[in-house]
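Labels A, B, C, D, E and F are assigned to the chains in the order they are written; within every chain, residues are numbered from 1.
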Amino acid sequence: MSGALSTNVDKPQLRMASRDVRADVQAFYDEYIALLDDGEFDAWPDLFTKECFYRITTRENAEAGYDLSLICAESAGMLRDRVRALDKTMMFGPRSYRRFLSGLRVFYDNGGIQTRGNLLVIETLVDKPSQVAFCGRFEDKLICEGGNHLLEKRLIVLDTEMIPNSLIYPL
Amino acid sequence: MSGALSTNVDKPQLRMASRDVRADVQAFYDEYIALLDDGEFDAWPDLFTKECFYRITTRENAEAGYDLSLICAESAGMLRDRVRALDKTMMFGPRSYRRFLSGLRVFYDNGGIQTRGNLLVIETLVDKPSQVAFCGRFEDKLICEGGNHLLEKRLIVLDTEMIPNSLIYPL
Amino acid sequence: MSGALSTNVDKPQLRMASRDVRADVQAFYDEYIALLDDGEFDAWPDLFTKECFYRITTRENAEAGYDLSLICAESAGMLRDRVRALDKTMMFGPRSYRRFLSGLRVFYDNGGIQTRGNLLVIETLVDKPSQVAFCGRFEDKLICEGGNHLLEKRLIVLDTEMIPNSLIYPL
Amino acid sequence: MDGSHIAEIPGSSARRWPARASRVPFWVYTDEAIYTRELERIFDGPHWSYLGMEAEIPQVGDYRLTGVGERSIIMVRSDDDTITAFENKCAHRGARFCRHKRGNATEFACPYHQWVYTLEGELQGVPFRRGVKRKGGMPRDFDPASNGLRKLRIAREGGLVFGTFSEATPDFRDYLGPRMWEHFSRVYNGRELKVLGYNRQHIPANWKLMMENIKDSYHPGLLHAFFSTFGLFRADQESAVEMDDIGRHGILISRKGEKEANEVSSSIRSFDAELELEDERMLDYDHEWPTPQTVGMITVFPSVILQQQVNSISTRQILPRGADGFDFIWTHIGYADDTPEMTERRLRQANLFGPAGLVSADDGEIIEFSQEAFASAPEGESLIEMGGHDIGNTDYMITETAIRGMYAYYREVMGL
Amino acid sequence: MDGSHIAEIPGSSARRWPARASRVPFWVYTDEAIYTRELERIFDGPHWSYLGMEAEIPQVGDYRLTGVGERSIIMVRSDDDTITAFENKCAHRGARFCRHKRGNATEFACPYHQWVYTLEGELQGVPFRRGVKRKGGMPRDFDPASNGLRKLRIAREGGLVFGTFSEATPDFRDYLGPRMWEHFSRVYNGRELKVLGYNRQHIPANWKLMMENIKDSYHPGLLHAFFSTFGLFRADQESAVEMDDIGRHGILISRKGEKEANEVSSSIRSFDAELELEDERMLDYDHEWPTPQTVGMITVFPSVILQQQVNSISTRQILPRGADGFDFIWTHIGYADDTPEMTERRLRQANLFGPAGLVSADDGEIIEFSQEAFASAPEGESLIEMGGHDIGNTDYMITETAIRGMYAYYREVMGL
Amino acid sequence: MDGSHIAEIPGSSARRWPARASRVPFWVYTDEAIYTRELERIFDGPHWSYLGMEAEIPQVGDYRLTGVGERSIIMVRSDDDTITAFENKCAHRGARFCRHKRGNATEFACPYHQWVYTLEGELQGVPFRRGVKRKGGMPRDFDPASNGLRKLRIAREGGLVFGTFSEATPDFRDYLGPRMWEHFSRVYNGRELKVLGYNRQHIPANWKLMMENIKDSYHPGLLHAFFSTFGLFRADQESAVEMDDIGRHGILISRKGEKEANEVSSSIRSFDAELELEDERMLDYDHEWPTPQTVGMITVFPSVILQQQVNSISTRQILPRGADGFDFIWTHIGYADDTPEMTERRLRQANLFGPAGLVSADDGEIIEFSQEAFASAPEGESLIEMGGHDIGNTDYMITETAIRGMYAYYREVMGL
């Protein structure tokens, strides 16, 4: 279970980033989330490196070492394919997702950055109450190029193993 | 649809505020929310300018350009009227609201400040489970006077179009 | 109602901590929460002072001045006893708690630190949707020793008076 | 006691109305079998249900999702001067195909198998109806003309649109009756309407409680302290309660006074003589209709309340969602030729109404309290004797006559 | 197969108890019609329900919201030495008018139309009862005296307050019977009580499962590893199970031992000889009653558990909420004249109880597991044969006699 | 109308199937009494339900939680070559004792009273069965051998495990019938399977709608624009629909083409000729089975779908949860001897499937839309006449024959 699509990680001892870096990375995520919440999916893949790795899975899979994902992409191109398919081919009821990130931790990692944090997604379907749709954590890697951050890897592990029908938009 | 009560906005390109300003504005919102969560409604209008504009509406109205609000006030006086009516005339079951703000973004805007962010409100009625009541985003304008921030405009746009019976307290 | 297990507080006028202290205390809580969310309960008592006081109660009790708690500990030893009992003697269905802290406020308090903030806990039971389990606020005291923060007192007051069956893990 | 005993545990099937007609048994608010019959006999029966407004769909192809009972309904401007409405339920395998609250369409396609319907609801396209390469497809005798969407009859009056599935429903003016028609056409007088926006709330109470609430002329000056305090509605003001001849529709008419403490206000506990507004724009009132009345609250059974309170005008649609809840959709309006000042006035006064309304929030809350009690007290009865036991129009407010009127009609249509 | 066939799909109406009385069919925990009958025959029937404590409402006008079955009840100190309780349901149109859990009032006003009730529940004021300007108002023959709130009969014993709607309920001491009265008055012995606080939990399981759980003397030493490990409750300790003569009430008595590994502990899988407390204050026990017993768990059918476990005393009220759930309200108490040290001891020991209790959390969880199984296995039966098939008092724990006792009475009252 | 009238409000008990067999009445999807009968006659009846895979529990003691209807089932490797399955319901008082989705055990202990069961489900230990100090305990005649867990019969084929509670269920191969057996053994051909992971979704729609969806060869090329656009599934491709002789099981077979615009694609609204993948690895296909087909979607009534779409293989288990929802559990697999490249291919193609699948998300959504309409239109019927009124195997897709087949069998077993 350690092929190209595997995200089994060993937890190295990482050093917490400086206050300034923490603040800047927090700002990056705030922008990232605003962009998704506003539905600007076309711009979303640009927040990743070309050779990025993106994966949403569940605790069940992550803990058992299974490489299956809910969504998996091995390049910014695949992210763009997902967005395009979402726009042009998928059929789903209208809804809004609103993402709440909390507990962001930022670490130095060989010139790059690693982050950890929690994510809560509230879903609102037409004429229905807003409700908790997904809850989980993320483990990301970022690089900083010319003052801008880009995601090299984003791994989201959902506590929510029983998906409320569908997971439509990226997280 | 662009009268005095209209909040249709064009999105200018805004410059992100410095780390220090971001931290200070975050602290302002943390105080703002603590004050509301604690039910200190009498002090709430003092966090606004005299000629402030305050509005809670839904995505449906905002996106269609309708100026109808759930709550609308055109001055700190109207905010005080709301608070007084809430206290003296409105009839509703006891409850607590707890507000979770996330993803605050702070921008410079001609000497003032603009902010954007997400808001989640958890409601707890007597002997009922706590549950998601409202979810949405805000778009505010603040001024800074003598080191203190004041809200010049606060616009909250709820994803939650189907209100769970009532929206009692301000957000 | 002011014995050793009482947490009735008078609200002194506290001075907000500096940006740097706020950032560091935020980082402390981010670690605190990550540790609990990850289920590393054995390490949790080490984030408290030896003579700490820890209490989870409800608004109903707090407002009426009742000293009854959901969980109460008067030393790091009692916290360790709780964790050990949780591990060795308690029987409960598997679940995950994910904690979302928001609105952290940090104040100076006679060489130590006081904090206030909101807490939201999302619970996920096996093959069930994720849902709001607990919602409330906290009022803590910390000391800073050799650059590390330790909790001297942690008081959590839940809005959620009707507990959804059980409160298993610490908050 | 041995194990061979068999106990019959009956479901709730036999229902007897209380001996006195001026009582309403709590089970009409909670029993699911009663509710099912309401959907059949009331919402699917010979009654006009509110669908929306012409102003919501000005252009050909403009549509809105609305509802009748629990059914989802599409209301569409199918031609310049034609409005069509049909059930949002595919003729093929039933999918509720239209998912956006509003839009503009040239046709409607169901996503499942892309059956396509015209704006008139006719089945226009069935993909591969003749099969592919002469294999498969619909039977020869399949008749698209008899497989369109299920249409409603439409009534358009004064800018509002009503619909009914029943052939037995009388013409809309006859349905209202001459008295209610006159009240109806006071606000809906032919001036073009303009939508100012929507509010939506789910109220955890039986739908009839909202009808009662609006027909209840006894409560506004008592429950709504804001009303009584600022003289918008008080028991001593000129007023009237009127109904159509069979009691199903009603209007509550009143004429606002000023903020004043007098004999009547002193018997209102919620009255607060000290209260002042700091910014009085919220209550800035402009008298815009010919008659002196300042409040006209019309109930068009079973689905809508037509509000005119000072300068605030709205429709409030009732969409039942089980016996114990309903969605309540407010459409605030003005006239197309309103001045900007009048529009602002209406928008400001909207602070009194809707789920956060200084007045209306009270109503949603109180009927939730009622429903809670009904659910826990199956033997209970509501006492509706204010103003006596009779049903009739009055020139005063201290009466529940219009509630008695509604239940007299209700019992008839429900066979209770 | 043609379309003319009509299938009868019966509802679940005929219920037969299993042949062996020591079995309980799963449908008693899940069937809504059974549950409705329970509300009628048990909670509204000739049984005393726990309402609260005198100490909760010391001053005239002090009130608390409580409940009987699904009904909301107001318990109020209506006079220096009078406690009154009535249903929280307005005599007018039924609103559940009182919304705060506790408070002090001089009267109760319903917000809808401000009908006002005295602390005794009498209708005292009907706004505009005579109309306004001689128009409207209540009929001449309207009798306020017969339109008060629905009152309960009250029993006050040892600081606790019970209520019943039925005239047939015997006096409280007779209701308990002499044996249970004696146990009851051991803790509720006339010393003034003091409230230490509340815990509330909603448990997604049928209410009877909690009664069973407390009557089940077989489980504590097995399910609760904390108990067995620290010697608080183990199968080899001195103990007894007693009931009233018809089996509805019960007590589980035990005498705590020390932490020790012996023959019995070795047959308890959950026993952990290694476990030590680092801060032993949580188990610091002070023997405060005359008899040697350290645990006395009383069930007063159908609504309350009276807990005394070491120095922790509490009442646990059962408020059913549908067949598949109940609210469980814990009131922790001490005596008014407790030393500060004793109060601290009680508060510390409270860590074992309630929704986060080191012991009690287990119970809420396990009965949730039971309810899940019952809902999915309609044909299932519970086996309650520990200690044989008979019903009788015992001087040992390894028995389910008290559960058999409860169901014998239950079948009688339910006609099952 | 006086108050003495008693109205009979019938529950929904008499159900008549529509005159034309190619209609399905909406009440089969919404009526709780129908659903209860489905649990009895279908899931508890003479049918094999999918439990899981041998590869999930390779070692002795490995277990997984699975289900049959609403029942929780434990599937365990009880011996090197034995798989046992039993209901997760304690023989004592019924607790659903096993709470972890997977694990390894040497025995199963119920936490309530620590009754212990062997891996074969036999009752092995009852704490204090003989009492303590000769007091209490189980009756002398208590027979552990007849108080084990309720076992299922097991069928193991090709690495999959099925279970049934009924003695009347025929052998698994006979249950499938020779035609479906052949299709089944194409993928489940004896090569060892390897689990790649799970997806779980709760779909708020009746469980039969998912069976229909997979049997519905008419929809994939229309609903799933991704399929038609990239040539994975289109109406003009070589295809077949086959069933067992009584119509309950089915397979949908197809052979993928290329992305191309032609006559057929032009009649598909969802077809988008412009669409290109930027990273084509997601559709990198490797032909791995002997026959030319690229898609084989098998429905094994009532509980599982066996998917093979290009290189993506999975089982999709249906666990009904009330009439209006089901849990849908996807187990993605490969073969134990797959190359790393093949494993990656399967994992990449999994982007098309599951709750976030570029294709499968559509299905969950559309059947939710259907259920919404059914719930609000009790008189409605689904029209399943594509390909005529008959039931039979076809070599084309534009047909609903397999849905008709399922309902012919369904009516028989349900007595409708």
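Just so we're on the same page, a residue touches a chain if its C-beta (ideal position, glycine included) is under 8 Å from a C-beta of that chain, and two chains touch if they have at least 3 such contacts.
Owing to the predicted nature of the structure, the values given are computational and were not obtained by experimental measurement.
If you take chain D and chain F together, the chains in touch with both are A, E. Here the chain-to-chain distance from chain D to chain E, counted in touching steps, is 1. Spacing of chain C relative to chain D, judged by their CA centroids, is 48 angstrom.
If each chain is reduced to the centroid of its CA atoms, chain B and chain C end up 28 Å from each other. Here the CA centre of chain B is 44 Å from the CA centre of chain E.
The multi-chain contact residues of chain F, meaning those touching 2 or more other chains, are 11-12, 99, 101, 111, 200, 202, 223, 270, 327, 362, 366, 369. Multi-chain contact residues, meaning those touching two or more other chains, occur in chain C at positions 23, 91, 93, 100, 102, 120, 126-127, 129, 132, 161-162, 164. Listed by chain label, the pairs that touch are A-B, A-C, A-D, A-F, B-C, B-D, B-E, C-E, C-F, D-E, D-F, E-F.
Residues 1-12, 26, 212, 218-219, 222-223, 235-236, 264, 267-270, 362, 366, 369-370, 372-378, 380-389, 394-399 of chain E are the ones that touch chain F when the two sit in their complex. On the side of chain E, the complex with chain C involves touching residues 101-102, 195-204, 223-226, 229, 270, 272, 275, 277-279, 281-282, 327, 332, 340, 343-344, 347-348, 350-351, 354-356, 358, 361-362, 364-366, 368-369. Residues 91, 93-94, 126-127, 129 of chain C are the ones touching chain F in the complex. Within the complex formed with chain C, the residues of chain A that make contact are 16, 19, 22-23, 59, 100, 102-105, 116, 118, 120, 132-137, 159-162, 164. Chain D meets chain F in the complex at residues 11-21, 31, 33-34, 36-37, 69-72, 87-97, 99, 109, 111-114, 116, 127-128, 131-133, 135-139, 142, 147, 408, 411-412, 414-416.
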